[in-house]
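I have a structure I would like to understand better, so I am pasting it below and will then ask my questions one at a time.
Per-chain residue numbering starts at 1, and chain names A, B, C and D are given in the order in which the chains are listed.
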Amino acid sequence: MSAPPAVRNGSSGGLVALIRAHRSISVLVGWALVGALLPFIVLVPPFSTFQAQSLWIGGFANSGVFILLALGLNIVVGLAGLLDLGYAAFFAIGSYTYAFGASSFTGLHVPFWPMLLVGAFAAATFGILLGAPTLRLRGDYLAIVTLGFGEIVPAVFLNADTYTRGTNGIGGVAQPALPFLQFNFSDPVPFYVTMVAILAVVMVFVYRLQGSRLGRAWMAVREDELAAASSGVNTVTTKLLAFALGASTAGLAGVFNASKLGIVSPDQFGFAVSFTVLAMVVLGGMGNAWGVAIGAFTLYEIQSVVLKGLNQFFQQVQVPFLDTIDFVQYQFLLYGLALVAMMLLRPEGLFPSRRRQRELHQVSEDVADVPPPTAALGD
Amino acid sequence: MRVLRPAAVVIGALVVAFAILGIQQFENFLTLGAIYALVALGYTMVYGIIELINFAHGDVFMVSAFLSMWIITVPLGLADRPIDNPLQLTAVLVIVVLATMVFMGCIGVIIERFAYRPLRHAPRLAPLITAIGVSFILQNIIQAIFSTSPISVPQIFPKTKFEILGGSIGALNIFMVVVAIVLMVALQLFISRTRLGRAMRSTAQDREAAELMGVDINQTIAITFFIAAALAGSAGVIQGQYFGSIQYNLGFFAGLKAFTAAVLGGIGNTTGAAIGGFVIAFIEVFAAQVGLARWSEVAVFTVLILVLVFRPSGILGQALGERA
Amino acid sequence: MTAAVSAAAPPDYILQAQKVTKRFGGLVAVRDVDLEIVRGSIVSLIGPNGAGKTTFFNVIVGILDPTSGHVRIGGQSLIGRPVRAWLEPVVWFTPAVVIALLTALLFAVTGTPAVAALGGAIALFGLAAMFLAAIIRPRRYVALLTQAGIFRSAKPNEMVHAGIGRTFQNIRLFANMTALENVLVGMHTKLHANALDALLSTPRARAEEVRAAARAEELLALVGLAGSGDVVARNMPYGDQRRLEVARALGSDPTLLLLDEPTAGMNPRETADMMTLINRLRTDLGLSVLLIEHDMRVVMGISDRIFVLDHGELIAVGTPAEIRTNPKVIEAYLGKPPE
Amino acid sequence: MRPAKFGALAITTVLVFAACSNTGSASGGGGGGKTITIGTELPMSGAETANGQPTANGVKLAIKQENAKGDIPGYTLAIEVEDDAVNGAHDPQQGATNMHTLVADTTVMGVVGPFNSSVAQAEIPISNAGGLLQCSPANTNTGLTYPPDSAQYRPTNPNKINYIRTAAPDSIQGPAGADYVYNDLKATSVYILDDTETFGVGVGDSFAAEFKKDGGTVTKRDSAPKSTTDYTPLFTAAAAAHPQAVYLAGTTPTGMGLALKQGRTVAGFETIPFMGPDGVADLGPGGTTGATITVAGSAAHDVFGTVAGIHDLPSGSTFVADYTTEFGSAPGAYSAAAYACAQVIIAGIKAAVTAGTTDPAAMREAVRAQATAAGNKFDTVVGSISFDKNGDITTPYMSFYKTDLTLDGGKGDWVYVKQQAFTDPNA
């Protein structure tokens, strides 16, 4: 793919130039390296003292689900600038699509791989169904509508119990099958490999989109909708595509998650998931795919490993007062503190894309006019 | 502010609601609506002035419910038994409501100072995330102090009921609705008549311009947060007295509904927020009436989406903070 | 040159605004304005502040719907009051209804519920598709409407397809995109790679990207921004930002360029450059230009024809010379001379 | 400025990571010899602390007392507490992760938990693959053990039952309540309100079915999620049909206490009996935080409840006392059941050790087989119990309680009415 203008600016060392000239290949190589190295990094202290390698790998596979979600939401929020607070809904739709397609509940047993596409497609369809009537809404109205949608979808799966087994959820969801990979409940590696592969492909797609006509249209709409329309961009189609593609990524995540977990239940898709993913995107640095991925990975590990481990630590080190506190009980509080702290320290995220960094500092207005002089005084 | 049109909408809606619900449920609807409206006002004011979806507001409301409970039990040392002496009752109520409102107001200001002001020029999503963080923090502080189980609030209000239109209406319900209406009218007057109110409106319209005209932006925003939190405080007292039992996580859902109400009414528009609150209360009570309680949340959001599809900026069009 | 064109029997109008009126509630911003632009000419629209210039401008680019009157581009009416709008819903439902009826017929004949189910599904899908089309308004759908004799004012992006490019009075670049990207967005209508092309990065898409980039560089060079393609727009000097807006507008290869106060806030040198640029656009690209301008020197300097608005009404039309001496215009600008 | 800040952030992050570089294998408590671990997998944080903490405490107590006795030569028991709550609510994925952790820790011989059925659905396949015994004190969803549904949770070792529970499934507690309302309370019409949770809906359904079978009528059935704050409209609507009793299908933490309190204020519900499962009959005396009587206050009169377990525990008296002295609060609804689960696991361990098993994997299998082998009886705090071929308790006992607000100085408490043995439908 030709060097997308999106990445033209900046320094151009030999390697940098090479990477930019062959974006897709370098992304694939990057993921291959990450995927190959992670399992061995956790063998060295301090990580090795934490938990066994297999547990780490299983955890990585789960965090991959969130990275996938973050990458998808990044298209909607980061690139097209549409605030979506109900993103978990599409995750749920993906999961249930797979549960319907491959579980003893419906009796259907469609293989995993085609279902990946089906799930993505189903999610995308709902993305369009939701987007079509609502996309003309101003930013924050759209936000609350998506928030509403995010509340409705799990509620429907919960209440329509004749079709979804309601709060019990659908169990016995089939696992993927491959001739050379044995998927089962004791060995996380196959899932890990699959996830890395999916992520690599999705990331390539994200970069290609960013550099494409569509990607530019997204950014144009984000920057100034009227100017975009006056340049011939059909803003409605553009936004719908952002919604659809973002949703389809969540669909993929849903299918994968359902198959790894073997069960789908409404309580997996609450508002908590939506804003966790949003936090991941914002923390990682909107608009920057790698940044978002890292943000998601970090936040997930903090949530599922770090916070759960504080007790043992303080009890072992015998810290005078701390070892008497039950941190497991307050991890939620620590999580909140972490969010606030990280935001106050790095409002534009850990790894902001070079150009978003500046623009993100302006207080957004309905009509993005010439940016106010305050624009640059972010921090 | 245009007062006539909202007034007409309110009256019309009330008549319809009464016709559909019947007196007893109408009572429930008004009471619930009053609470949602009070909380929604906070969302709408904060949004109107700094375009921030203050997710922590619902939890400010929750904290205030606990605070009022604490004030009643510890400093006032009252038990779970109605006070029949009207003078004493009034005195207690005034103390509790005022104390809660003032204290919560301060908390609101503190939150703004430390969690939002530093991010005023940051990416607009940054304060949204901190807001969520703050709401976690508030929830956990309460959780640490009062545990996660439901806590019962001493109900000091007499359980007297009046026979009205063939239904028996609780004195408490009347009190609640009256308090809510008084506060809302007071707010309207404050915004439209006083100097600070004007400062708030101009800041909402165009912060830079207001600043040039010599409005102290920080002070104005702080005051907005104070009022918003104080209103949530009053709602918290009411919540405790009416429902008699509070839990550390009631803030999230109340907040969600209140915010929906604010948007439904046209976010940034204080009258709209009040109306939105009652609309949502109506939907919920109606759902319960026809035995679809489990669908009420779905109904609420469906209505929201439909309204926004046909009236993209809420029931009362022009928002306080609308940019040209 | 003006003479040459006007002499030709039926003048070849690229844009004709006829009796355009725009009301906002009580107040009339624009009343019965007729304005024609001859192909290849530079026309200016002037008037005191609040004369309704920008309102008129927004009407002819499709941002505001006129209260009455209409606008023709190259003879085809694109902007005006809706005609037979009530018919549009019929168009939405027709396919679904037809399919439903056919299904009913088939079901009556064969009696197999499967047929009914399938047909019903197709009908529903058709309905959904039509609604989607109505929301997106793809060009095919618009064409379909015109066939059905339904007329709705064109949206801004459709005006771009019709060959109108515009700039904004207060610069509205995509501030955080590079100059090159801004132009590339301007070329949106000229590029055809869709989402799928992008995902698969098809040869077609890649070739297009390369060509597009080259073309964009040309346009930048044309407006005198050669080499600054990688600069982020918001970091450019003010004058360059104005030029970049022009380049972006040129991206869609317009036949008519609408410039809203292109020299506002420019120093004399920048103003002069802008004038030469505008002239070059006419001579090199054969563009027609509609100019809204305050700076009389600019207007008098390059216009073939000048239209003067005051209080929403057209008070004078003519060549710079005629306008300069027109008492109404002088009054409008300087106020009534004391009796 | 920013680099500095970022540095600070980085450092803190590193510290936090270092902080947890000791997760996983919990340190053995005192005593010599090798360590055998019993895991607990419960929601310990956020909204569900009230469910998880007391339940885990039951296990803690059992282990403490066992270590005090020290009659497992050469071994000390340790506990490994896992928390399946994320962002304050139980999360199946976190549960699965925790179960992987427990399976990977070779010293773990058995797990007490989980608390929520949806979590169990995600965990059983994993523990089944790892051959690890799970004993849930709280799951009541029939699908978890009843065939054919239960088979889908054992893809790896279909024939090895590794999930047992001391809680009586909904199919027993609901009907028990129904019969009590119909026969003992002599109510022929009832209004049912559930909390949309697995437990509430399940027990509500089975209650409704049995009550109809008895010949009673269900005047109205509502479901209100735990997010509900205002139950008054529900009761106002339900009052129209003049039910003679109310069944609160759910738990007090999910809103049933509040429903009781508000329901009493609605005309028609002031005096009629309210009945509930053990989520409502938490046996907490008035004043204990979060107990039904505390929450409902003066509204808690004429409330009846079933508890899935037997009332006069063989060693019950000391259990309650021990628990209270140990943790300074009365046992939760599931503390005893969790204690019993721990006892079952410990019994298995003892047997394995006396049989001379040392290999962890073998010992695990021994514990699992021991617990699920037909006819094996276990002396536990809830009596002598055994499990059927599906892993359900064979002698599900139901005890019936009612509130009495005159007790301990007007604070009110639950009083024992009667207990009744039911028969396990699958035995």
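By our rule, contacts are C-beta pairs under 8 Å (C-beta built on N, C-alpha and C of every residue); 3 or more make two chains touch, one makes a residue touch a chain.
Since the structure is predicted, the reported quantities are computational estimates derived from the model, not experimental observations.
Asker: With respect to inter-chain C-beta contacts, which pair, B-D or A-B, contains the greater number?
Answerer: A-B
Asker: Using C-alpha centroids, which chain lies at the maximum separation from chain B?
Answerer: Chain C.
Asker: Approximately how many whole Å separate the CA-defined centres of chain B and chain D?
Answerer: 37
Asker: List the centre-to-centre spacing of chain A and chain B in whole Å, with centres computed as mean CA coordinates.
Answerer: Spacing between the chain centres: roughly 33 Å.
Asker: If you average the CA atoms of chain A and of chain C, how far apart do the two points sit, in angstrom?
Answerer: 38
Asker: Could you please state the distance in Å, as a whole number, between where the Cα atoms of chain B are centred and where those of chain C are centred?
Answerer: Here the centre of chain C sits 46 Å away from the centre of chain B.
Asker: Of all residues in chain B, which are in touch with two or more distinct other chains?
Answerer: Within chain B, residues 139, 143, 252, 294, 297 contact more than one other chain.
Asker: Counting only residues that touch at least two other chains, what does the list for chain C look like?
Answerer: As it turns out, chain C has no residue touching two or more other chains.
Asker: Can you tell me which residues of chain A touch two or more of the remaining chains?
Answerer: Touching at least two other chains: 133, 158-159, 329-330, 332, 335, 375, 379.
Asker: Between which chains does touch occur?
Answerer: Chains touch in the following pairs: A-B, A-C, A-D, B-D.
Asker: Residues of chain B touching chain A in their complex?
Answerer: Touching chain A from chain B are residues 47, 51, 53, 115, 118-130, 132-137, 139-141, 143-144, 207-208, 252, 256, 259-260, 263, 267, 294-295, 297-298, 300-302, 304-305, 308-309, 312-314, 322-324.
Asker: If you look only at chain C, which of its residues touch chain A in the complex?
Answerer: Interface residues on the chain C side: 61, 63, 131-132, 135-138, 155-157, 160-161, 166, 168, 170-178, 180-181, 184-186, 188-189, 191, 193-195, 197-199, 201, 205-206, 208-210, 213, 216, 229-232, 234, 248-249, 251-252.
Asker: Within the complex, which stretch of chain D touches chain A?
Answerer: My answer: residues 1-2, 5-6, 8-9, 13, 16-24, 26-27, 44-46, 49, 53, 81-83, 86-94, 96-97, 100-101, 103-104, 116-118, 121-122, 125-126, 128-130, 141, 143, 149, 152-153, 155-156, 196-198, 201-202, 223.
Asker: Looking at the complex, which residues from chain A come into contact with chain C?
Answerer: That would be residues 1-2, 4-6, 8-9, 24, 128, 132-133, 205, 208-209, 211-217, 219-220, 223-224, 226-237, 240-241, 245, 355-356, 358-359, 368-371, 375 of chain A.
Asker: What residues of chain A sit close enough to touch chain D in their complex?
Answerer: These residues of chain A touch chain D: 45-47, 49-52, 54-55, 58-59, 62, 103-104, 158-159, 161, 166-169, 171-172, 175, 184-186, 188, 257, 261-263, 265, 267-268, 270, 272, 276, 298, 302-306, 308-316, 328-332, 335, 341-342, 345-346, 350, 379.
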